[in-house]
Amino acid sequence: MANELETGLPSIRQIQTLIREDKEVEIKLLTNDLVTGKIRWQDTNCVCLVDHYDQQTVIWIQAIAYLKPKG
Amino acid sequence: MANELETGLPSIRQIQTLIREDKEVEIKLLTNDLVTGKIRWQDTNCVCLVDHYDQQTVIWIQAIAYLKPKG
Amino acid sequence: MANELETGLPSIRQIQTLIREDKEVEIKLLTNDLVTGKIRWQDTNCVCLVDHYDQQTVIWIQAIAYLKPKG
Amino acid sequence: MANELETGLPSIRQIQTLIREDKEVEIKLLTNDLVTGKIRWQDTNCVCLVDHYDQQTVIWIQAIAYLKPKG
Amino acid sequence: MANELETGLPSIRQIQTLIREDKEVEIKLLTNDLVTGKIRWQDTNCVCLVDHYDQQTVIWIQAIAYLKPKG
Amino acid sequence: MANELETGLPSIRQIQTLIREDKEVEIKLLTNDLVTGKIRWQDTNCVCLVDHYDQQTVIWIQAIAYLKPKG
């Protein structure tokens, strides 16, 4: 199905690892916003980022330029 | 069908929950506009936001960078 | 066929209603242009807007951020 | 075939008419460039614009915000 | 196959001609960069431009606004 | 499968060569960021760049304007 994550892809697997290891990441958006937090989940449309105050941000993957694991 | 919502996806379900709970959200667009309101409906192309004056804004999903539930 | 309008979708139906009721709309584009007028037709690629001087503008849907019915 | 023009669509037909009638158009791009000329041909990827000096510009449709027939 | 060039399309054929005739082109990108050179190859994702110092630039087609043959 | 790399494409092969030869590249993004490093892997969504401090950046291909191999 078109809406299942392709868990064989390195990019999908890397995000799964970041979720499992509860790692801080920094995501640069096409708007030039830089958002940071921990990834709670990913699906084929979005990733959900959670900040220090447990505030959620649902980011559309179409709007992502790059992602960096922190430190 | 390609035009039915994939209600199994976390991102689609989260928006359905926000509609049901009548929650205020803030949506950042690729134009850098920040729009706020309550989501009235979603389909595969758009979400419809309603503000305090009951004014509707139909937002194309292609133009969304991120969405934050408020408070 | 991929090129028929999905008239079951709320977003498509809302535009059909705006055409039928000859309503003024305001459309924000990804270029940050704000264009106003009445929608004459829509297809799967474009919407056609007509202003007070009957000047047509064919807008690509890919370039739309949001649409607001006026007043 | 995915690469044949859908000549049943109003947007495709309107461009065909503009080609046949040799009409001047103005095209706004997502880069905010405004280019003018006559459309020589269209295919599923591009339109070709020709200016007064017969200089060709091949424009990717993905980059078009809107098109206006002139005068 | 989705990844073969549709050599029947005018836009693809025009680029093939520019490659064969070793013509200088100018390409405007969605970043507003203007790059010039000769096209060495095209595929369904990219075109490869070569400048006077034989430096290659692989350009993603998704990022192209327009292309102009020079002189 | 839609998610296997089309290794017959020149653009995919060129990146494979850059990975194998451990070459420095410069990538221009649609955000106008210019990032440099060596490509560690590519898949159908992303390329992974590694800098001098072994810091990884996962870049979405959708956000790439161009790529240049360095000197």
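A, B, C, D, E and F label the chains in the order they appear, each numbered from 1.
Keep in mind that, in the parts below, contacts are C-beta pairs under 8 Å (C-beta built on N, C-alpha and C of every residue); 3 or more make two chains touch, one makes a residue touch a chain.
Just so it is clear, the structure is predicted and the values come from calculations on it, not from any experiment.
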| item | value |
| --- | --- |
| Chains in simultaneous contact with subunit D and subunit F | E |
| Contacts common to subunit C and subunit E (chain labels) | D |
| Interface residue identity across copies subunit D, subunit E - same or different by half | different |
| Averaged-CA centre spacing for the pair subunit D and subunit B, given as whole angstrom | 33 |
| Gap in Å, rounded to a whole number, between the CA centres of subunit F and subunit A | 19 |
| Interchain centroid distance [CA atoms averaged], subunit C/subunit F, Å | 38 |
| Junction residues of subunit F, two or more chains touched | 29-30, 62 |
| Running round the ring (origin subunit A, first step to subunit F), the chains in order | A, F, E, D, C, B |
| Contact footprint of subunit C on subunit B as seen in their complex | 3, 29-31, 33, 35, 41, 43-46, 48, 55-60, 62-63 |
| Subunit C residues touching subunit B - in the complex, by the definition given at the top | 6, 8-12, 14, 28-30, 32, 61-62, 64-69 |
